[in-house]
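Quick heads-up: structures coming right below.
Note that chain A is present in both complexes that follow, paired respectively with chain B and with chain C.
And now, the complex of A and B:
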C-alpha cells in the first residue's frame, strides 16, 4: 500500500480525534476493572495498578457471599429473561408494524409511527409516574411483565422506524410477485418479508435487548421484591449504605457489562448495517 | 388458457385519468403487445388485468369470469416484472416453485413442473443457485420460469427486457417468442420499444395519453397507421412529416410541398383525396420510400434534387438527411449511390406509400 501525503494527513487527523475519544471511554472502564481486582482495603489507594491484584471479589460475587449479593444469580437471571422477552416482543411488534406501514401501506400508518416517535420528545423520567399508574390499573405492579411491557413501549418506536426504513428499500415488485404467486399477507410477511429484513431484525433485537438489560429507572420503579428485580437494580442497592463495598459493586458491574459487550461484538456487522439502513442510498 | 377482454376500462388517480375507456378483446393463445411512450397507461392497463390496480370504471374478463373484484391470486395469471422481482433469499428452484408451494401442489408434481420449465428455458443447471449468482439474462429466464410452472391462464409481461443490454435483449426477445410458441398461453406484453412490439406480437396495441390509438397486426400498423402518432411511433427511423397541400392538375392531383417541389399523386389515390384540395395537410412518408431513382420506377415526375445535410452509412444502406421547408427529412439509399454531405443528390419519392394527415385531428386520411 502506498501512503500518500494526503493519506497520512487524513490518518493523523483521525488518530487525533480517535485517541482522546478512546481514552475518554476507556478510562471509566479501566477504573471499574481496577476496583474489581483490588482487595477491599486498597481499593481507594489511587494506584494505576493494585499492589496485590486479586480475583477474590469475583469469588465473593459468584458465591453470593455478601448481604447485597444474596440474590446475585437470581437477579442476573431476571435481567436475562426480561431482556430476552423485551427483545422478542419488540421484534414482533415492530416487524408487524413496519410491515403494515411500509408494505401493506395501511392508511394512517405513517401518522401512527410519527406519533410513536414523538414520545421520544418526552423524557422517560416524566413518563415514569404515568407508566406506574398504568401498570397499576392493569394490575401488573410487582410483576416482571410490567417492566417488560414498559421497555417494549420505549424500544418499539425506534425499532419500528428502523425497520420501516429497511422495508422501504425492498423493491415493491417482490410483494406484487408474491401476491400474484398466491401469498396471503401473513405468508408474505413470514416467507418473504421477514427473511429479507433479517439483518435489520438482528440489529433491532439487539438494540431492544441492550436497552432492557441496561434499564435502571423503570426496573427500580416497577419491581420491588429483591427476588424480582434485575441485577441493575441490585447494583443500585449497593449504594443504600454509607460504606458500600465498592470493590464488589465494581466486580458485579464488570460481570454485568460483559454480556452486552459480547452481544454487540457478535452482531456488530448487523448493528452497523442494520441501524444505518436507508440512511444512504445503497 | 383463456381469452381476456377489457370493456370500457378506465383508471383514475385522484384527478388524473391514466387510462380512458380501453376496449380490447384478446383471443385465446394470442400474443398481444401494449406499446407506447412512458405515461401512456400501458403498464397501468396491464396491472389492472393482474389485479394489482383497481379498476375505476368498466369491466375486465378473464375466460368468462368478470374479475374486477377477484384478488390477483385467484385470477390464475402469472406476471414477469421489469426488475425480475426474484426472491433474493430463495434458490432458483424455490423461486420457481413458490407459487406452487403456496397452492399446496404435491411435492413430486412441483419437482416435475419446475424441471420441465427449467428444461424449456435451459436453466436446469442453475436450479440450486441464488438470484445474486445469476446474470441478467439468467434472472430473466428464472422470472419467466416462475411464470411458466404455474401454468396460468394468462402471462403478463411488464417491460421484461428493459434492464438487459442491447445484445441480450434481442436474444431474450427471440427466447420469449420461442417459449410462447411452445407454451401457447395467452400473453399480454408491455413495452415502450416498438421493435420489440413488432417482432413479438400477433397484434399490437398502440396507446397514447391513456387511450388506445390503434390495434392491429404489426404490418397493419406499419402500412396503415390510423393516426399521426401511430405513424410516427412505429418504424425506425421515424416517418417524415412534411406540411403540404393538394392542387387540381388536369385530371389528376398534385401534391404541393413548396413552390419548387410538387409531385403528382398516384392515380389510384387521386379519387380518395379529391375532397382535400386546397386544405392544409401533412405528408407522411417513410425514409425507405425516399430513395435514389431506380430503373424499375416510373416517370421522373417524382424525382427531385436536394443538397444533403448529413449522411449516415449503416452498411447495408445509407441514411441521408436533407431539409425541406425547415424540416429535416430522412431518406434511405443504396450505399453506392449516396453522395457526401453538402453535395446535391437526385432522390425519388415513392408516393405509392404516402399518407396524408389532417393536422387538426392528427388522423390519417
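And now, the complex of A and C:
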C-alpha cells in the first residue's frame, strides 16, 4: 500500500473540519445525555463521564416521583394522541384538497393553493396571538381540539403543496381509464389516487406528526391544565424555578426527544426526498 | 373550509384588534419595542448570512464519499431531527454561570470565573443566534447538498482536465448553478428566522430585563401582560418585512 503524502494531507484537512463539526453538533446532545444518567449531586461536577452512571433518574420520571413530573404519563399520552390526530386529520384534509385541485381541477383550486402557500410562509409565531384569541371565541380554549386544529392548520399547507406536486406527476390516462370503467370520484380517490401517492403520504404524515409532537408555543398558549398539556409544555414548566431538578428535566427531555429522532431516521429516505424535491425546484 | 375558519378569520380578527392608531403610539412609546426591532434585524442579518455561508461550505464537505463523512453526516442531522425544547434547555444549562459546564471548564482551566453568559444582553442575543444556527444548519446544509448533487459530475471532470483549480471550479461551476437555490434558501430561511420563537424564548426568555426580545417573542410578551392590542400591533409591525418575502416566494413556487 502506498501512502501518498498528499492523501494524508487531504485527510488531515478533512478531519480538521470534521472533528469540530462533530463536537459542535453533539455537545448539547451529549450534555443532555450526560445529565440524564448522572446522579443528582455529581451532575454539576463538570466531568466528561459521571463516576457512577445511573438510571435512577428515569425511574423517578417513570414513577412520577417529583412535583414537576406528577403527570408525566398523562402528558406523554397527550403528546402522542395529539400528534397522531394531527397526522391523521392533516393527511385527510391535504389528500382531499390535493386530489380536488390536481385531479378534479375544481374551480378556485389555484386560489386555495395560493392561500395555502401564503399560510405556509407566514411564520407560525405570528399567527399564534390571533389564533389564541380566535380559539377563545370558538370556545375551544383549554381543549385539546384547539391545539389539534391549530397544528392541522399549520401542517396542512405544506402537505397540500407536496401532495399536489406529487399528484401532478401522475398520468391523466389513469383517471380517464378509471372514469370510463365507471369509477366515481370517490372510488377514483380511494382506489387509484391514494395508492399511487403513498410515498408522499408517508412523508407528509410523518411531517405533520413530528410538527405536532415538537410544538411548544401553541401548546403552552392554547392549553393550561396540567393534565391537558403535552410533554413539551411539561418540560417548559421546569423553567418556572431556578432550582429545578436538571437531571430529571434532562432525563424527561431525552425520553421526549427519542421518538421523533427514531421516526426521522426510520423515514429518512421519504422525508429528505420530499423536502429537497420541493426546495430544489424553487 | 379549514383555512377559512382557522386562518382567514384569525388574521382578519388580528388586524381588527390592531386597528387603533393609538395602539401604535403606545407601542412605540414602549422602549422594549425599538430594542426588539433592532434585535430582530441583528438576529436576521448575522444569523442568516452566517448560517447560509457555513451551510454552503459544509455541503461541499459532506458530499465527499468517504465512509466516515457519511457517518458524520448522519449524526450531523441530529439537531434538526431532535425537538428543540430539550436541546435548547440543555444549552441553557450549559451556560448557567454558577453550575453550567462551560463555566466549570473555564474555571478548571484558568481559575477564573467565566462570564455571566445570559445576563449580558448582547452576549445573550448572540448565543440565541448561535442556538438558532445550531438547530437549523443541518436542514439548509441538506438542501444545499441536494443542490450540489444535481450538478452533473462530468462538468467537474472536464474542468479538472482543463486544469481548473478547486476554487475556480467552485467559482465557475458550483456557484453559478447554485445561485438561485442559495437565494431561495436565504429568503425562506429569513421568513422562518423571523418567526423563530423557541431559540430566544427558551434560551433567554427575552431577558435580561426584556432586552433580548425579537418580534416573534414580543407578541407573546404583550399577551402575557394582557395587552392583546399591543401584541397584535407588534406583529403587524413585522408584516412589512414578512409580506414582500412571502409574495416573492409564492411567485417562485406557484409557477
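Throughout what follows, the second predicted complex is superposed on the first by the 247 of 282 C-alpha atoms of A that agree within 3 Å, B and C clash if a C-alpha of one lies under 4 Å from a C-alpha of the other, contacts with A are read in each partner's own complex, and residues count from 1 in each chain.
Rule of thumb we're sticking to: contacts are C-beta pairs under 8 Å (C-beta built on N, C-alpha and C of every residue); 3 or more make two chains touch, one makes a residue touch a chain.
None of these values were measured; they are calculated from a predicted model.
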| item | value |
| --- | --- |
| Chain A as common anchor, with chain B and chain C clashing or fitting | fit |
| Vertex chain A; arms to chain B and chain C (CA centroids, nearest 10 degrees) | 100 |
| First (chain B), second (chain C), both or neither touched by A:93 | second |
| Partner touching more residues of chain A, whether chain B or chain C | C |
| Partner chain in contact with A:176 - chain B first, chain C second, else both or neither | first |
| Touched partner set for A:106, first chain B, second chain C, both or neither | neither |
| First (chain B), second (chain C), both or neither touched by A:264 | second |
| Contacts of A:133 with chain B and chain C, given as first, second, both or neither | second |
| Distance in angstrom between the closest Cα atoms of chain C and chain B, superposition on A | 22 |
| Common ground on chain A, meaning residues reached by chain C in one complex and by chain B in the other | none |
| Residues of chain A defined as touching chain C within the complex | 14, 17-18, 21-22, 24-29, 31-32, 35, 44-46, 93, 110, 112-119, 121-134, 137-138, 149-150, 152-153, 156, 161, 213-214, 216-217, 221, 232, 235-236, 238-239, 246, 249-250, 252-254, 256-257, 260-261, 264-265, 268, 272, 275-276, 279-282 |
| Complex interface listing, chain C residues touching chain A | 2-3, 5-11, 13-14, 17, 58, 61, 64, 66, 68-69, 72, 74-79, 81-87, 89-91, 93-94, 99, 101, 104-105, 108, 134, 138, 142-143, 146-147, 150, 181, 184-185, 188, 191-192, 194-198, 201-202, 205, 216-217, 219-220, 223, 228, 231-232, 235, 238, 242, 245-246, 249-250, 252-254 |
| Chain A to chain B touching residues, read off their complex | 171, 173-174, 176-183, 187, 191-192, 195-196 |
| Touch list for chain B against partner chain A, complex | 50-52, 71-73, 77-79, 81-83, 85-89, 98-99, 102-103, 146, 150 |
